[in-house]
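First subunit A sits with subunit B, and in the next complex the same chain sits with subunit C.
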Partner chain A sequence: MIRITDFSFRYREGAAPAVSGVSLAIGRGEFVGVTGAAGSGKSTLAYAMNGIVPHCYPGDFYGSVEVDGMDTCEAALTDVSCVVGSVCQDVESQFVTSVVEDEVLYGLENFAVPRGEIESRLTRALADMGIADLRERAIASLSGGQKQKVAIASVLALRPKVLVLDEPTAELDPASSLSVFDLLARYARQHGTAVVVVEQKIALLARYADALVVMEEGRIRFADAPAAVLSHDEELVRIGVGCPRSTTLVNRLRAAGVCSGRAARTVREACDVVKEAVA
Partner chain B sequence: MIEFKDVRASYERSLPILKGVSFAIRDGEFVAFAGTNGAGKSTAMRLVNGLLKPDAGEVLIDGVPTTALRTSELARRVGFLFQNPDRQICCSTVREELLFGFRALGAADADAEARVDAVIEEFGFAPDDDPFLLNRGARQLLALASVAVLEPSVLVLDEPTTGLDFRECEKVMGIVRGIHARGATVVMVCHDMEVVADYAKRCIVMSDGRVVADGPVFEVLRDHAVLGRASLVPPQIVDISLVLAAESPRLAGTPVARANTVEEMVEAVAAEAGRAGAGAGEVAGEAGVAAAGGAAGEGARRGHCASVRASKSRRVP
Partner chain C sequence: MSSFLEYVPGDSMLHRLNPVAKLGAAALFAVACFCSGSLAFLAVLLAAGFLLAASCGMVRQTLGLARAVLAFSLVLAVVQLLTTPAGAQLAPLPWGYIGTGGLLAALTTVVRLVAAAIPLFLVFYATKLNDLTNAAVKVLRVPYRYAFAFTSTVRFIPVFMNDMKGIMEAQTARGVEFDTGGMVKKARLMVPLCVPLLVSSVRKTNSAAIAAEVRGFNLRTVDSGYKGYPLAVRDVAALAACALLVAVSVALGAAG
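Then we have the complex of A and B:
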């Protein structure tokens, strides 16, 4: 669904490339988490998938980024947008209306979704995000987390083939963050949607993502199953990526000779390791 | 001392946000506010520094209602770090930004200049940098520094670590801890329960405009009823200890079931396992080899990509 080949990009004002020599393939229905320290190139990589780079941020673009067979550099941004649904880091920058219902309707109407489908898609998207009660609220009156849910609902309603979300849960409470990730993982499986989430919350990525991509200084440092990536805990910390406490705990127990085996990604896995160790 | 006495507040009268909130925070405390999106946490913070006045009830700072204090008087006592640093950065250089608060208070004297220089040194800023060209983490640090330089007795932080990476988060919170250690009262809204557990001593939980729990941080974070009601998830080590206590009767009364930190849990598990420290190097070595061969999901390829072949350069206007 997404094929990135030897992709590099230097912003026009940038002294050095933001992304260098990145190659990655993401299939239908796959949920991929992208993480890394600030300035590691993860947002630029996301921008290349949804066409914002180079269409909105000019610069030197090398290699190719294809989404559903479409070259995002060659295609018009409107065509890319029909395939890729995006949620920006700063959700305020993507709102175009002032009321929650209008915001979701805006995309549905502009994508010429048949009139008979609009109400059901609107209702479903708001319900999925747990904000059905906010339907008639002014966006300006919402909290940061509620606004973030509106932005995600607006994109989910469009049912794109690819979802690219840049820190979609940054302002959400912990349970809402969990439910958004749960929803995205289910959405990927049920609809065959390729979901790419740029995120600092590595505990959530480790629990839900099929694969974890860790960026360092514009390059991919690790791209593998979460458990395999998290086994490099010391290296991750060195490059500015924290590990979930479950992972740190099991790695410390392993270092102390209390247990052995693979790194734990989740609370559940860590509990199983501890139970085995004390059995 | 910060006191809320049955405070009700709203942005539109028809839409109450705080529905009768009471608490008292003593000087020198480090208190975290947690809870559901829209619970009223940020609204409570805006009441502390007088950005918002209560519809009913009283907010008192050192016994004086905020309604009786001028904004400048409140600003001297209460420093406020917004969730988004771009909401408070307004000058064209780092140095000017740090001096801005003193100028606004009419106190930009030689002493202020010296304090700004000291903060530039402490934070490692380049004084002539343009704040708007700094990355997100550096802008957050600058916003924090511009508040800290005024040495307020109360520091209010609204989601200070949102959008920051691991290192930036540690740096920002390390500085906050230092400010607290120097005697300031710190009040912080935070959704990251690991940060709450690592730094706060007391946690006030809000839901639907009301306080639903208030107590020592780990007591609150171990209360499943409170966590469920306020859409919270316990920090992972607390969660692990709660799950183990529930699932394993043998561990229920042991230190494993009470551990709050990684260190406490390692020690408790090692003691239970009765073989702490044995064979650590050997096992760790095996783990490294095992991890190197992990398989990605469909198509996701291992990193260390080939160097760029500039075969297809496209300069986009």
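Then we have the complex of A and C:
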């Protein structure tokens, strides 16, 4: 669904490339987490997938980024948007209307979703995000977390083939973050949508993602299944990516020869490993 | 609580009117205010504006708006007072005098501006901006990008006001005293704040433009809007009533 080949990008005003030599393939229905320290190129990579780079932020673009067989550099941003649904990092400034219902309707109207489907999609998207009661509310009156849910709902309603979300849970509490990831993972499975989530919360990514991409200074440092990536906990910490404590614990037990096997992605997996070790 | 020009939900007659009819009626009301110089007629229009505000529970917002327009119109009134030597002399000036005629003209200006502004602002408080955009596109056939640009400008006013408030609070926390000294000192303190405000405004506008584009802004057509905005009897009645006000105002103006 997404094929990135030797992609490099330097913003017009930037001295160094924000992303260098990135190659990545993401299949239909795959849930991929992208993480890395601040300034590692995560958002630029997301922008390349939804066409914002180079269409809105000009610069030197090398390599190719294809989404659903369409070259995002050659295709118009509107054509890319028909395939890719995006939630940007700064949700506050991405609203184009002032009321929740209108915000979700906006994309549905523009993409000419049949009138008979609009109400059900709108209701479903709001219900999925747990904000059905906010439908008539002014966006300005919502909390940061509620705004984030509205932004995600307005994209989910479009049912795109690819979802690119840049820190979609930055303003959410832990319970809401879990429910959003749960929904995204379910959505990817049910609709065959490729979901790419740029996120700092590596524990969440490790729990839900099929693959984890770790960026370092514009390059991909690791790109593998979460358990394989998390086995490099010391390197992850060195490049500014925190590791879940349960993973660190199991990795240290492994290093001490207390247990063996792959890295634990969740607390439950860590418990199982420890139980097995002490049995 | 809503901010300046932010939609206030409600079920009043004004809320239920077609957005285009509301805007048209408010524009006609404003025209009526400017066609007559009769202070008594303008006072009636002002009272009608407040009655309209009371009918949709927006007296507080309207009083705030009236205060703001009053402050602006007072400047014009003072200029008029000092430059219109008419009627009986009240006070001599080196270049003429302040007269009862000038005083009446200044008072008329103040009442006229406040009366004309109230319905226009109430329209924005009682209408979702999206409905205003879509109705302008569907009923008036205004190209979507122009309608969107206009309503986006209105939508960003409270956003930028909040930004300015945030920047001022941040500066106050660092010891800047905006609440002491006169207007000149306050203006001098606020000038440097325009730079961060401008930067954040440009950034927000750019982000909103990108957000609109990635959600199909360029695919929008006249038929894209989900909701319909047919004109009802009450809309025609409101427009007719305001047209009648214009006629009365013109007649009074011609007679006076």
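Following the convention adopted for this analysis, the second predicted complex is superposed on the first by the 277 of 279 C-alpha atoms of A that agree within 3 Å, B and C clash if a C-alpha of one lies under 4 Å from a C-alpha of the other, contacts with A are read in each partner's own complex, and residues count from 1 in each chain.
Criterion: a residue touches a chain if its C-beta (ideal position, glycine included) is under 8 Å from a C-beta of that chain, and two chains touch if they have at least 3 such contacts.
Source: prediction; values computed, not measured.
Novice: Going by the contact rule set out at the top, does A:144 touch subunit B (first), subunit C (second), both, or neither?
Specialist: first
Novice: Of the partners subunit B and subunit C, which touch A:255 in the superposed model: first, second, both, neither?
Specialist: first
Novice: Looking at the overlay, what does A:200 touch: subunit B (first), subunit C (second), both, or neither?
Specialist: first
Novice: Once chain A of both complexes is superposed, is A:118 in touch with subunit B (first), subunit C (second), both, or neither?
Specialist: A:118: touches subunit C, not subunit B.
Novice: Quick one: is A:228 in contact with subunit B, with subunit C, with both, or with neither? Answer first, second, both or neither.
Specialist: A:228 contacts subunit B only, not subunit C.
Novice: More subunit A residues touched by subunit B or by subunit C?
Specialist: The larger set of subunit A residues in touch belongs to B.
Novice: Look at A:93 in the shared chain and tell me whether it touches subunit B only, subunit C only, both, or neither; answer first, second, both or neither.
Specialist: A:93: touches subunit C, not subunit B.
Novice: Tell me which partner A:171 touches in the superposition: subunit B (first), subunit C (second), both or neither.
Specialist: So A:171 only meets subunit B here.
Novice: If we overlay the two complexes on their shared chain A, which of subunit B and subunit C does A:27 touch? Say first, second, both or neither.
Specialist: first
Novice: May I ask you to decide whether A:110 touches subunit B, subunit C, both, or neither, giving the answer as first, second, both or neither?
Specialist: A:110 sits against subunit C, while subunit B stays out of touch.
Novice: Identify the overlap between the subunit B-contacting and the subunit C-contacting residues of subunit A.
Specialist: After superposing on chain A, subunit A residues 141 contact both subunit B and subunit C.
Novice: Please name which positions on subunit C make contact with subunit A in the complex.
Specialist: Touching subunit A from subunit C are residues 2-3, 6-7, 9, 128-131, 152, 155, 158-159, 203-204, 206-208, 210-220, 224-226.
Novice: Help me check something: in the complex, which residues belonging to subunit B touch subunit A?
Specialist: 11-12, 15, 34-39, 42, 83, 135-137, 159, 162-169, 191, 193-194, 230-233, 235-237, 239-240, 243-244, 247-248, 250-251, 256, 262, 265-266, 269-270, 272-273, 275-280, 283-284, 286-288, 290-317
Novice: Give the list of subunit A residues in touch with subunit C in this complex.
Specialist: Subunit A reaches subunit C through residues 50-52, 56, 76-78, 80-82, 84, 86, 88, 90, 92-99, 102, 105-112, 115, 118, 136, 138, 140-141, 154-155, 158.
Novice: Which residues of subunit A touch subunit B once you look at their complex with the stated criterion?
Specialist: Listed in rising order, the residues are 6, 8, 17, 20-27, 30-32, 36-39, 54-55, 58-64, 73, 89, 141-146, 149, 167, 170-178, 200, 203, 210-211, 213-214, 219-225, 227-229, 231-232, 237, 240-242, 244-246, 248-249, 251-263, 267-268, 270-271, 274-275, 277-278.
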